[in-house]
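What follows is a set of structures to go through.
What follows is subunit A paired twice: with subunit B in the first complex and subunit C in the second.
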Partner chain A sequence: MNRKRYESLALSENGFLFDTETGFTYTLNETGRDILQDLIKGDGPQEIAGRLAEIYDVPAETALNDSTLFINYLKTINLVPQDEDNGTAGHE
Partner chain B sequence: MNRTDFRIAVTGMNASDNPGPGVAMIRAIRDSGEFEGEIIGLSYEPLDAGVYMNGICDHVYLMSYPSEGSYALLERIREIHSKTRIDVLMPTLDAELQAYIAVREELNAMGIKTFLPTMDGLELRSKSKFNRLSETMGISVPKGKSVSDVSALLQAGIELGYPLMVKGQFYDAYMAYSHIEAERLFRIISSKWGLPVVLQEFIEGDEYDVVALGDGVGGLIGAVPMKKLQLTDKGKAWAGVTVNDPMMNAFVADIMRKLKWRGPCEFEIMKKRSDGSYYLIEINPRFPAWCYLAAGAGQNLPWAVVKLAMGTDVAPFGAYEIGMMYIRNSIDHIYPLGEYRDMTTLGEIHRKANDGGTHGKKEI
Partner chain C sequence: MEKKRYERPAIIKHMGGLANKFGKSQGIRSKPEIDNIRVDDIVREFGSPVFIFSERTIRKNIRGAAMSFGARYPKVRFAWSYKTNYLDAVCGLFHDEGCWAEVVSEHEYDMALSNGVPGNRIIFNGPYKPEWSLVRAMKDGAQINIDHHDELMQIEAIARRNGGPAKAGLRINLDAGIHPCWDRFGFNLENGEAMDAARRIKTGGIVNLNGLHAHIGTFILDPSAYRAQAMKLASLAIAIEKELGFRIETIDIGGGFPSNSTLHEQYSPGEDSNPPIDAYAEVISSALLTAGFSPERLPTLVLETGRALIDSAGYLCASVVANKRLANGTRAVIIDAGVNTLFTSFWYRHNVYPVEEKNGMVEETVIYGPLCMNIDVIRPSLRLPSVYPGDLLVLHPVGAYNVTQWLQFIRMRPAVVMIGLDGQVAGIREPESVEYMKKMESVPSWIKRNGGAAK
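Moving on, here comes the complex of A and B:
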């Protein structure tokens, strides 16, 4: 996977995201910020979902489904590389 | 250049919602930390807002319109120079460049330095010849056609496909989704800006603007790319932010190497959404009105032009600050009527002692 894309994402603690490559800005809520932060760190979808399930006290499958949806959305707006694992491998 | 009697004349003093670059360039020069001289504003209208702003111009002169030709221009500059000596002159508007380039040698002989594009360079980027850049220089530009009548418009529309951009020779660009719409725009634009009208393939993607300075032999002294964040109803940038797209920066350096542009310019670049490829969609032969952002981001390009005009070597700028943003604002300033009176009756304003002309001095 091409992780270079993440180098141009300036994500603030308060969820403000500036894409230095395109100039677009975004505002993420706490959960969105955490997921993107984890992706930037290099965590996989299972680890991200596991952490979400623990924080929000939801079943692991729900956390995985929700984070997968969000990661797919980030792919559609080209914030996340297209080949980033979204957690659906082995679930289809 | 740090003499207190060193004088720089700058045009483009209008500061409306579609401003000239003059005020931005003067602010950048004054921010350089190396300039202690005086600024002469050259204005086409007594009500140009830049004329009256505090801390911008030390002297102001009213100019005749560029349409009166280079002879009238030269005579007016000669008159101003005799009253208030000019060391460097920086034209900033598309419409006046040709006349200034034509009298560059005469200005130089008078001791007035410039750093302007060449006439060939100016011609090369004209909208009517722009589409040739792909064939002649290998610069990626959208397909385009210059048309002078409606039947040619129809044929070009078939070749380029819709939607397409309909552009005037000097200003104005609109998108047309059909031949009927293109024909209507052709008539509007040709009546305003003359013939030919330029049709350009529409590239769907995101537009970026780059303020740049070329050394005239293919080198890039500096370049700062910006993404517009907010537009006026005329489509002019009201806010923007510096970005860092290494591929686009390489594209800009390549354009400059091929064009060998001399002086200030602005590149308008489209990044195609479908495949991320870059297209040069326009070259403006002067700094844009937002050029103060370049100085704010660490590349004081207007001051670099002054140094180049004076024959000083300028090392290429390296990096610039990414994520620097500008927002224009619109506020009312209050002035007594006196300076407006002087502009309309005398055609000049002096806020500093005006004892630096060339009257009685021998010009070298």
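Moving on, here comes the complex of A and C:
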């Protein structure tokens, strides 16, 4: 996987994201920021969803569904490498 | 440790060069209650989607409008425009507040009668009034507004047959300086057709012309159009009185005031920008008061206001069915009420409030209805916090035209509920069922009902 992509993502604590590769900026909500932070750290979807369910008032299954969809979406907008594991493997 | 409140992960891209107009507070509030009654309780009892009407708001609206006009003009009459909303419970409230009935078909006329309105408090408008319905209306003493020459001749013939004089008004169309300029109903003022019709009535010698009526359009955001309309009708009335000796007792300016809703093409929200009813009352009253009527012959001002009186009293509560991402990345939400239920989606940007407080980040969203039709779009674009299947949304204002123009198409019409002044909640129309719908049909005997089994 191309981890270099993550080096160009400057994500601040309050959810402001600057993509130095494209110059685009984004705002993430708290859970969105947590997921991207974890991806940048190198965590996989199962771990990410597990941590969400620990911190937030959300069932583990919903957390996994939502983070899977979210990671997919990050791929479609080219913030996350296409070959990033989005958790579907874990379901198979 | 107490867990944090969960919100679906979301990300929003900032638009090039512009300050970020997204973010936390987009004025999206929640609407857990209507008139202090919990919306989720209503849905639990009556199902989803469900229309909810507020008696308090209906009474407040009509009293406010009556006050606006009554304070400025001495002789005012409101007639409830049935087509805007002819649920009996709704009509009943308007009649209880002193409104006459304004109807545009024999069916609406029947409804008014069955709501206890005597014929002589019914205004009968419209381009098609079957012969028998004219006979009935004339016998009842209803105010018939004649739409075209053929109808005038019909009325004269009926009067002659009855062996006595009849009374009627004329529907006029005129240029009030707005577009579109409706000229398909009634007799045109500017080309002289209206005055000619009045002369023609005089020559006939059997109909007493007693009123002028014009409805210049709907959702008219410019009060000055009504100034023009009232001035023109008043001048015509004075000219008719002078030349023909008819006494014009009523000047009926129709409906057309906007509600606090927002049209798709409007820039700012209707709540903030649509003129209040006072602005209309002011120009109409002053036009009539300064038109030159002698004080003892001041005509009664008749208003057939529909939308502006009922829109804000109606809510639709619908449920979220699913979330989607469109191929272009746009977030989509599917709800259980479609354009067949909420017809006004074609014209309005309805306000959408989650029933439960959602204080998360809002995102540009399209709201689709449940129909398998591309046109089934409830809101093409709005900023909405994240929602889940089963979450309730309240759409507002939806009280005008929806519960008359709704279609049974793919899905049935839902229940309608009213919240009374004391917080009582009552169903005022049952949700439709396949059984109800199919009651009207029959299958001819030669059509085999073999359920698709091969021959």
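Keep in mind that, in the parts below, the second predicted complex is superposed on the first by the 90 of 92 C-alpha atoms of A that agree within 3 Å, B and C clash if a C-alpha of one lies under 4 Å from a C-alpha of the other, contacts with A are read in each partner's own complex, and residues count from 1 in each chain.
The rule is simple: a residue touches a chain if its C-beta (ideal position, glycine included) is under 8 Å from a C-beta of that chain, and two chains touch if they have at least 3 such contacts.
What you see is a predicted model, and the numbers here were worked out from it, not measured in a lab.
Participant: Could you figure out whether subunit B or subunit C reaches more residues of subunit A?
Facilitator: Touching more residues of subunit A than the other partner does is C.
Participant: Name the contact category of A:Ile55: first (subunit B only), second (subunit C only), both, or neither.
Facilitator: Only subunit C; A:Ile55 stays clear of subunit B.
Participant: Examine A:Ser67 and indicate which partner it touches, taking first as subunit B and second as subunit C; both and neither are also allowed.
Facilitator: After superposition on chain A, A:Ser67 lies in contact with subunit C alone.
Participant: Which holds for A:Glu13: it touches subunit B only (first), subunit C only (second), both, or neither?
Facilitator: A:Glu13 contacts neither subunit B nor subunit C.
Participant: After superposition on the shared chain, which partner residues are touched by A:Asp83: those of subunit B (first), subunit C (second), both, or neither?
Facilitator: neither
Participant: Let me test your reading of the model: by the given contact rule, A:Phe24 touches which partner, first (subunit B), second (subunit C), both or neither?
Facilitator: A:Phe24 sits against subunit B and subunit C alike.
Participant: Report, in rising order, the residues of subunit A that make contact with subunit B in one complex and with subunit C in the other.
Facilitator: Touching subunit B in the first complex and subunit C in the second, residues 24-25 of subunit A appear in both lists.
Participant: Once bound in the complex, which stretches of subunit A touch subunit C?
Facilitator: Against subunit C, subunit A makes touches at 17, 24-32, 34-36, 52, 55-58, 66-67, 69-70, 73-74, 76-77, 79.
Participant: For a test of understanding, state which residues of subunit A touch subunit B in their complex under the given definition.
Facilitator: Listed in rising order, the residues are 8, 10, 18, 20-25.
Participant: Would you mind writing out the residues of subunit B in touch with subunit A in their complex?
Facilitator: Against subunit A, subunit B makes touches at 206, 208, 226-227, 229, 240-241, 243-245, 322-323.
Participant: What residues of subunit C sit close enough to touch subunit A in their complex?
Facilitator: 3-14, 20, 22-23, 325, 329, 360-361
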